[in-house]
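Chain nomenclature is as follows: A, B, C, D, E and F, assigned in order of appearance, with residue numbering initiated at 1 for each chain independently.
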């Protein structure tokens, strides 16, 4: 029995609210239950120096948590003077995931920065960030196409992500914080709209897991990501 | 004529939404027009080392802007590795303002941290932070009193803040970004519910201002802060 | 009765010694009683990148305190690896104050950096820095004019600053450290030679202050700044 | 055809040389072809403050590359003033992998730090670090048992790691740099001596991969890790 | 012929002014010609954690240059966020030199920090700092003895320092900046009042130097340090 | 009697192994007994901005110790976020020493960075770094000459370094850690192949030393460096 009383293969209620940031070229507020992430996509007409002159653009991501998005207040990274290892790891993952479905040559020499800021956390912030980040990116690209800045759509597919885990011996989909903090195994899957795998990360938190258990998680993830892609489509419609 | 077509002594629409953060002991989302600030108050049962053993508590504040809360994306302070001078100045101001109406001895040896994070900026983020920060603080203190952690209310009064400025020669109340960026003089006033002055900061952005002009700004501010205190009361009712 | 036995409206003895730094284009050692600040103005023929190509120059300021300028030794900011919030706040104030009386277009694409280093502190270091910083800046501009680097004088007026406060219920001029550390209200005023206000900063350290009290402080400040401007004139004569 | 002319399922020559660091409680130099990593295990009788008093020890890891271990010299992280995101990600992975096979209660309140320093890099430095780090850790634990510092062996199993990837359409084992830099998919597997999975990380570098391809990689990894565990046994014999 | 027209074995005019810092337990302003260093000694009744409980005290030094003490303005180390290698090297040298003549057991568990801040630089700032730092330290120890904080004098001897160099082929004493910047060899000697060597540092700036040349420099230094020790005695008398 | 039972004027066994780093243009592993330093020379076809356009190249050095190269593990400088004062001091010394025998004009506008990383420490790491660093630099220059990148040899001489000290009253050559940590005086000498002095650094660790003692150390160093230069010649042969 899951703490939330969800069945093993059901996700939390997911909502995607678009156009929430007045200044950004693309934005959404995505909610996975009590996990709320504000995603913005910011277009800049210039690249960092090391990417210039190669005839292609760049998509990058940054991630942050508000200090009291968590159960206990955590120190503000700006005050501490550096981003932690977990933050760097997550923002690298978001950036790689979004670039996996973006033809950077079609962007031109421009950079899009997707900021994912966690307003409230209850597990699954990195997967919500990828799923919502893609919507903000798509909105930004729509904004560019309306202005005829690019002819062809650089987005080659959807990308979305979900966590799975083994909780009290049972493989379950979309861990909330109560499950995440006591799961035996914790995994994150990033997949495209056409079911291609982009990233797989699985970690034994307590005891090693078997190949069979791993395949169960993969199967749950496929189901969940299929549903998320449908929600992305609806949000953009 | 103001860009927003407001009269010189009218504020933007202000709303205060309480209880917006699941984990925090106190919180609100305050909006001054398109300026939106998420304020949380976090209670900790311990003080930083240099404040221990003095029989009193502490109220402190931190301030941040999401990278794309502004018209152009600004660099994330956590990524840059330090908080800028403006951020430090603002968070010191918020903390001083809140402590001015708080009897720290009645708090006991506890710390309350008020985080003010700007989700969207359109001028006046520091005054919105003080006004909303007080509401989050009051909610946190209510939370403590419900649990009988303290007997007497440490809050001695309301505190709220508003900006004023001289825009195209006319003293106006509550500058938005369009006005702020071209005003001749920019001032911030922090006052209590009983009209006591807590902080006054006025800066000539272009040409020095006269004592008469300054008194006009002070008078506008008194009016505005009176209205803000009423809204705080309504929000807490 | 003030600890120094001064009357409420009298300043400490102020002296300004010019030409104290062999290498600098402008310099002075300014003393407000036991507060001693070494001010230098350094001319550079280049601007930081973000200011280039706009047909105007820049005046900026930096502020520091020697570790044992204070009663107890304070940590060296260079060793601590960053400038504190108070330092950043003060150097921003000095820079803004000096730029308020400087026509940057007449400077040409050059930068003048005014360094204010506190050799000994006894209250009022920021106001001494502004008052002395202006003298160093004026000496530097004289140096440039002697060399025909500029035709017209970019300085449009004098600028000087003084602190005031409410000490044991009485408004007093030019707080020394003993008064500053126990005053109910502490204010700093920056004004031009023609009595225009450039910056006003007033803070209730203990209890809020009334508008009447504030006007008393403003009146004391006007008197004091008038005297400081006379001393600047004498120093430059 | 692989650049090294290896068959798809064959690893590079792996050697493990023990006892290479005079001062360390455990150490080895592990070579995967031209990838050379010096691993040391350092025992300290004290824990960091946040781990004290919980009746258990800690195993942590740090990772670094010598500046010219790589084809082009990379900047020294100590000179740059911070560890990069990749470094933090790798050292977190090594630490988690080693703790997965260590009963921290049996260690007592002690910390073992495993340092993995890459002397020469040719792909697969993180997997060599985990495989060699386990040998250094085991040697350190042997050192403790010889001195009767602990009765029972805290190590519950072997742990080793290997990379796999899809190179020109073919799943291959143990990528060297030439393959790694042009592989379509890159994966790292961490497994125990009894074939339990500890960590799985797979990334589509160019195009998404299918579940079938992923299973091929998993199967190659199982074979490779089996061989590595045999080498660990031989090294410790 | 030296730029200053001094003979090879003559120093610049040296003056030592005591008691220049109101707050410090010991202080002096030392001048070697146009090189001016403000030295303060600050007594603290507590040691840094790693030195506690060993029944002895500590003497340490910090060094800094005001940004415009030099011919061209140099960046403020506090603003740059770290002390440079040269600064760290010099302050380590000053601390070692002072400790060489101080019996730390007689100090008790206290720390004295000697701050040497260069107000104006014209070569030889490190040797002026050591020579003046010793005077500030001696004054601080006198202050302690007047208050009966210690019975016996922890200072076992004088210590002073001087630079020498080979300038246009001639060994000369006490290089000023004009000589220092073009000398073939540059050396600093630290010696006690009884002619014992404490530190020797010699560097070939252009071409290697011979043992004979080195002995000439040593002989000049002995002469100079003898004179400096006499000045220290006079200053303390 | 020395702990190692060496006679006062005998060095530890020194070996120099060349070509140990696959990627570097020059490299060696130098051992002074149990002190092992990996030295690499990295050629870059570009200079840092402040050295460009002056018609000459640059040779610089960086130094680091692996965390467990020492008896007790020391903190990784990359993790601590900065290089310590000792590290900066040593790498400046290595760089100066190498440049003393290199005609930078003959290098062309190129930079060679010599990295000296201590794999195992037992005293004398800085002198081993200079001696081995020269071999790596010479190998790198040979590599350039084979490719006809330069016509003339920029190396004007050998350079090598050795430590000496006064241990239990006796001047001895090449201190190991046991001697270094209890020597009364510790000195490092850097000399060329033709016996010219490049750097002399001597420090009284306990009691000042006399000129006679210093000359004994200088004489021991001359003997030692003569032997080291022979080994460099043999290594390069």
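Assume contacts are C-beta pairs under 8 Å (C-beta built on N, C-alpha and C of every residue); 3 or more make two chains touch, one makes a residue touch a chain.
Treat the numbers as computed from the prediction; the structure is a model and nothing was measured.
Contact with subunit E and subunit F alike is made by no chain in this entry.
Ranking every chain by how far its Cα centroid lies from the centroid of subunit A, the top place goes to E.
Shared residue numbers account for over half of those found at the interface formed by subunit A and subunit D, and the copies are therefore classed as meeting with the same residues.
With respect to subunit F, maximal separation of chain centres occurs for B (centres as means of Cα atoms). Matching CA atoms, the turn from subunit D to subunit E amounts to 120°, rounded to the nearest 5.
Work out the mean CA point of subunit B and of subunit C, and you get 28 Å between them. Computed from the mean C-alpha positions, the centre of subunit C lies at a distance of 50 Å from the centre of subunit F.
Subunit A and subunit B have centres, each the mean of its CA atoms, that are 33 Å apart. Counting only residues that touch two or more partner chains, subunit D has 81-82.
Viewed as a contact network, the protein chains form a single closed ring in which every chain touches exactly two others.
The cyclic arrangement of chains, read from subunit A in the direction of subunit D, is A, D, F, E, C, B.
Against subunit A, in their complex, subunit B makes its touches with residues 21-24, 27, 34, 38, 40, 42, 44, 62, 64, 66-73, 76-83, 87, 113, 115, 117, 119-120, 122.
Residues 82, 85, 88-89, 91-92, 96, 100, 187, 191-192, 194, 196-204, 207-211, 214, 218 of subunit B are the ones touching subunit C in the complex.
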